[in-house]
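Have a look at these structures, which come just after this line.
What follows is chain A paired twice: with chain B in the first complex and chain C in the second.
This part shows the complex of A and B:
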C-alpha cells in the first residue's frame, strides 16, 4: 500500500501569500493615486486628441488590468481541469503522480468567476456601459444616433447584455461543477478504493471535454475577441485556448518542481519531469503554430476588415506595442524551443523552472497584447497598477491553489494506474 | 522496470508466442495468392485501366475534357487531391505522433497505415500534375536555374509551398516505412525457400543480420525520422489549407483553416485505415493482432477529430455571421441553402453526425458499424472539400458569371481510377510485404498480451476482489 502524502503549508508561507495580496493592493492604490494626480500631463504626450478619443483614465486602466489578470488566471485554472480530463480519457498512466496538482489549479475558478462577473456587471449597473467592451454602449445600436454602427448593431444577436451575462455565468457554472464533480470522485477514491470512481471519472471527463470544446471557444470570443468589437478571426478561440493551455502546463510543471524541491512528491522523478518538459516544449510550438497561422493568413490577404488588429499591434499608436509583439514570439517560442530542445534540459529542474517562469510571464504578456490595444489604445503601460493587480491576483491564486493542494493527499493512493506512474520510465 | 496496470486491455490476444507472430504474419507472404486476393486485384486493375484511359484522354485532348469552366476553374481535381492527401495523414500520425504519446496499440497497425499513406499521396499527386496539362514539364515547378528557360518559381504562391511540403512528406514517409520494413524483410529472407524469394527479400533487407550494431543504428534512425515526421504531419495539410486560405475568396479566407484541415485529414486518414484494416484482419485472419481494442482506439480518434472538425464548421458559420461581412455571410448561406445544399448536408451528416454514434461503446466495438461509419466519413470528407472548393467559386463577386460545375465522365474516370491505382498498390503490398510490423509487436508482447495480463492479475492484486472481477470500463 502506498502511503498518503500531505502537503503542509507553513504559516510563514501562507502569510506571504496574504502579504502579496496586501502589497499588490497597496501598489494598486498608489498607482491609481499617481495616475489621478499626474493624469492630464500624460495624455498630451500621446496625442489622444488626434485619434478622436478621450485620454485613458485610471478607471479604464484598472478595469483593463482586472480583466487581463482574470482571463489569464481563470485560463490556467480551467486548464488544470481540462488536462485532468484528458489524462482520464486517454487512459494515461504516467501522470497519476502529478494529477493532484492539476486538480488543485481549478480551485481558483470560483474566485475568477466572481471577479469577472463583477468586473463586467458593476460598471454597467453604475454607469450604463462597460469601458472594456465598446459594444455595451447603447448609442451604437440606435439608428438615429450619430454613434450608430451598423457592423456592431449586426452583432446584437450575440453581443447583448442578457445573453452575454447568461453565457458568462454558464461557463463558470459548468466548469466549477465539473471540477467539483471530478474532484469528489478523486478524493472518494483515496478513501474507498476500487474501480468505480475511476470509471465514473472517465465518463465525467468525456462529458467535460465536450462542454469545454464549445465553451473554450465561446468564452474566448466573449472575453477577448469582443473587446476589438469589429474584428473577427475564426482561429481566435483556439488561439486563446493554446495560450491558456501552455500557461497551465508551465504552472503545473513549475509547481511539481517546487513541491519536489520542498521535499514532497518523492516518487516523481526525472522521467515525469521529462514528460512534462515534452508537453511544455510541444505546446509552445503548438501555440506558435496557431499564432503563425492566424497572423500569416491575415497579413497575406491584407484585407482592411481584419488586418487592423495586427497593424495596431505591429506599428500602430506610434509603435507602442511593437516591442511586445516581437517579445511575445521570442519569449514564448524561441526561448522554450531552444532551451528545451535537448533531452537533458527536459530532465533538469533548473532548466524547466527557468523556462516555465519565462512562459508564465510571456503568456501574461500575450494576453496583455490581446486586451490592451482594444481597451487602452496607445496609452497602456507597465506601472504600479499593472504590478499591483498582477500581484494581487497571484496572491489570490496561490491561496486557492494551495488550498486545493493541501485538501487531499498529493499521491492519489488508490488510482488504478498509480503503479504505472511510480515505475514510469521514458 | 515498466509496469502495466492489470486493467489495461491486452493488445495481442490468443496467447501468442514470438514464434506464432512470425508464423502468422509471414504466412501470407509465403503462401500462394488465394482466389479472393486475385479477384480483388483483377477489379483494381480494371479501375487502374479506367485511370489510364482517362489520363490518356486528358493528355491527348487537354483539360477541356474535364468539367471545369471559367467560373469554377478548380473543382473535381483539387477536391480529389485534398481528399487523397488527407487520407495520407494517418500513417505518419500513427508512426510519429502516437509514438511520442507512447500508444502501444499503434504497433500492429502502423505498417499498413504507413503504406496507405504512401499510396494515397501517390494518388493525390496525380491531380495537380495532370491539371498542368503538360505533365512532362512538371519539373518546372522546381526552382531550377534560369538557364533551363523562362522558369520563375513563384515563392509567394502556396501552390509552390505545396510542392515542397508534399514531396518532403512523401520522401520522409517512404524512408520511414522502408526502414521499418528492413528487419521484417530479413525475417522473411531467412525463412524463404525459393531462389527468387531469397534473392529479392535478400536485396530488400539490405544485408540486415540483426546484430547489436544494426539495432542501435536502426533505433537512432527511427528516432530521427520520428522527429522529422512530427512537424510534417502538421505542415502538409496546413499548407494545403493555405492554397485556399491565403486567397481573398469568401469561404476560403478563414484563419481556422490550418488546424481544422489537419484535424480533418487525420479524421479521414483514420477512417480509411479502419476501412482497410477491418477487411485485412478478416481476410488474413489477424484478429489476435488487430483486436477490438485497436478498433475502439481508432474510433476514439475518429470521434475526437470528427468533433474538432464539427466545432470548426460551426465556428466558421458563426464567425461569418458575426463578422458582418456581407460576402462572407452569403458564402455560407449559399453553402447550406444554395444549389449545392445537398453536398453541404451530406458533409454535415457524414462528418459531424455519424461519428457521434461512437459515443456508444457497443458501436465503437462493433466491426460492422465501424466499417459502415468509416465509409460514411470517407464520403463526408470528400464532400467537405467539394463544398469548400466548388460552393465558394461557383457564385463569385459578379452574378453574371455565376455557374454550376458538373463532372464529365473523364473527371469521374480519373477519380475512380485513382482508387484502382490505390487498391492495386495496397493489394500488392498486402501480399508481398508483411502487413504487420512483426518485431514491434514482439516488443509489446510481454507487457500487453493476454498472457501477461492474467499473470499480473494474480501476482499484483490477487486479494483485491474488485480488481480481479472488475466490470469492463469504457
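This part shows the complex of A and C:
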C-alpha cells in the first residue's frame, strides 16, 4: 500500500500569491493613472502612425490585457483537464504520478469563466458595445447606417450577442462540469479503491474529448479569431489549441519539477521527466507546424482578404509587431527544439525548467500577438498595465492551482496503474 | 578462418535472466551477447551497454539534408535559372521550408539506416551466425566467449546453472 502524500503550502508562500495579486493591482492602477494623465501627449506623438484611428485609451488597453490573460490562463487550465482525459482514454500508466497536477490546473476554470463573461458582457451592458470585438457594434448591421459592413453583417448568424453569450457560458459550463465530475471520481477512488471509478473515468474522459474537440475550436474562433472580424483562417482553432496545449504541458512539467525540488513527488523520476520533456519538445514542433501551415498558405496566396492579418503583424504599424513576430518563432520553436533535442536535457531538471519557463513566457507573447493588433492597433506596449494584469492573473491562477494541489493526495493511492507508473522505465 | 567457441546459457524466463546478468558479471565473466525473442526493459543497463551514438549521427545527417535542400533551391531557383513564381522573390525562403523539411527528414532517415547497418557490420551477403535458434522463439540465450586455456568450463557451467540457466551448451562459430 502506497502512502498518501499531502502537499502543504506554507503560510508564507500563500501570502506571496496574495501579495502578487495585490502588487499586480497596484501596478495596474498606477499604469492606468499614468496613461490617463499622459493620454493627450501620447496621442500627438503617435498621431501620424495611427491615422484613421482614434488614440487608444487606458480602458481599451486594460480590456485587451484582461482578455489576453484570461484566454491564456483559461487555456492552460482546460489543457490540464484535456490531458487528464487523454491519459484515461489511452489507458496510460506512466502519467499516474503526475495526474493530480493536471487535475489541479483545471481549478482555475471557474475564475477564468467569471472574468471572461464579465469582461465580455459588462462593457456591452454599460456602453452598448465591447471595444475588443468590433462586431459587437450594432451599427455595422444596419443597412442604412454609414458604418454598415456587409461582410460582418453576413456573419451575424454566428456572431451575435445572444448566441455568443450562450456559447461562452456553454463552454465554461461543460468544461467545469467535466472537470468536477472527473475529479469526483478521482478523489472517491483514493478513499474507496476498486476499479469502478477508473472505468467510469474512462467513459467521462471519452465524452469530454468529443466535447472538447468541438469547443476548443469554437472557443478559439469566438475568443480570438472574432477580434479580427473580417479575417478568417481554417487553421485557427488548431493554432490556438496548439498554443494552449504546449503552455499547459510546460506548466505541468514546471510544477512537477518545482514540487520535486521542494521534496514532494519522490516517486517521480527521470523517466517521467523524460516523457514530459518529449511532450514539450514534440508539441513545440507541433505548434510551429500549425503556425507555419497557417502562415505559408496565406503568404503564398497573398489574397487581400487573408493577408491583412500578417501584414499587420509583419511590418505593419511602422514595424510595431515585427520583433514580436520573429521572437515568437525563436522562443517557441528554435529554443526548445535545440535545447531539448538531447536525451540528457529532457532527463535533467535544470534544462527542462529553463525551457518550460521560456515557453510559458513565449506563448503569452504568442497570444499577445494574436490579440493586440486587432484591439490596440499600433498602440500596444509593454508597460505597467501589462505587468500588473499578468501578475494579478498569475497570482489568481496560483491561488486556485495550489488549492487544487492541496485538496487531495499528490499520489492517487488507489489508481489501478499506480504500480506501473512507479516502475515506469523508458 | 579461426573458430570461436562460446558457452551458451539457456534461460526460459526473462526475470531470471535479468537477475542472472549482474551475478555473472560480478563473478568476473565477460558476457559476449544476450539473445532474446523480444526486447527486455533494463537489459542494456544490466549488460553495461553504452548508449548508442546514433543520435549524434542523426543530427549531422539532418544538418546535411537541410544544407543540401537550401542549396538546391537557392541555386536552381535563385542563381542558375531565376524565374518569377507567384510574384515572389527569386529566393523566397518560406516557400523553401517544406522541401527543406522533407529533405532533412529524408537524409536523416536513410542516413541513419545506412549508418546503423555499417556500424553493425551488416554488409550485403553477411552471414549471421545464430547461436541457438530457440532464442527467436521462447528461450533467452546468454553467450560467453571461451578463451582456450583461460576459461574454467566446469566453473562457468556451474555459475550459469546456479543462476537459473536450464541448459548450458557449447557452440563453435566461424569468425
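The rule is simple: the second predicted complex is superposed on the first by the 423 of 426 C-alpha atoms of A that agree within 3 Å, B and C clash if a C-alpha of one lies under 4 Å from a C-alpha of the other, contacts with A are read in each partner's own complex, and residues count from 1 in each chain.
Keep in mind that, in the parts below, contacts are C-beta pairs under 8 Å (C-beta built on N, C-alpha and C of every residue); 3 or more make two chains touch, one makes a residue touch a chain.
Source: prediction; values computed, not measured.
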item: Which of chain B and chain C A:341 touches, first, second, both or neither; value: second
item: Dominant contact partner of chain A by residue count, chain C or chain B; value: B
item: First (chain B), second (chain C), both or neither touched by A:181; value: neither
item: Contacts of A:325 with chain B and chain C, given as first, second, both or neither; value: neither
item: A:300 touches, of chain B and chain C: first, second, both or neither?; value: both
item: Partner chain in contact with A:361 - chain B first, chain C second, else both or neither; value: neither
item: Chain B versus chain C as contact partner of A:213, first or second or both or neither; value: first
item: Touching partner for A:425 - first (chain B), second (chain C), both, neither; value: both
item: Residues of chain A at both interfaces, chain B in one complex, chain C in the other; value: 296, 300, 425
item: Chain B residues within the chain A interface of the complex; value: 1-5, 7-8, 100-101, 234, 238, 242, 245-248, 253-259, 300, 307-308, 311-312, 315-316, 319, 322-325, 359, 460, 466-467, 470-471, 473-474
item: Complex contacts: residues of chain C adjacent to chain A; value: 41-42, 51, 55, 59, 86-88, 94-95, 97-98
item: Of chain A, residues touching chain C in the complex; value: 292, 295-296, 299-300, 302, 341-343, 425
item: Chain A to chain B touching residues, read off their complex; value: 89-91, 93, 150-151, 154-155, 158, 193-195, 198-199, 202-203, 206, 210, 213-214, 217, 221, 230, 232-238, 278, 282, 289-290, 293-294, 296-298, 300-301, 303, 305, 416-417, 419-420, 422-423, 425
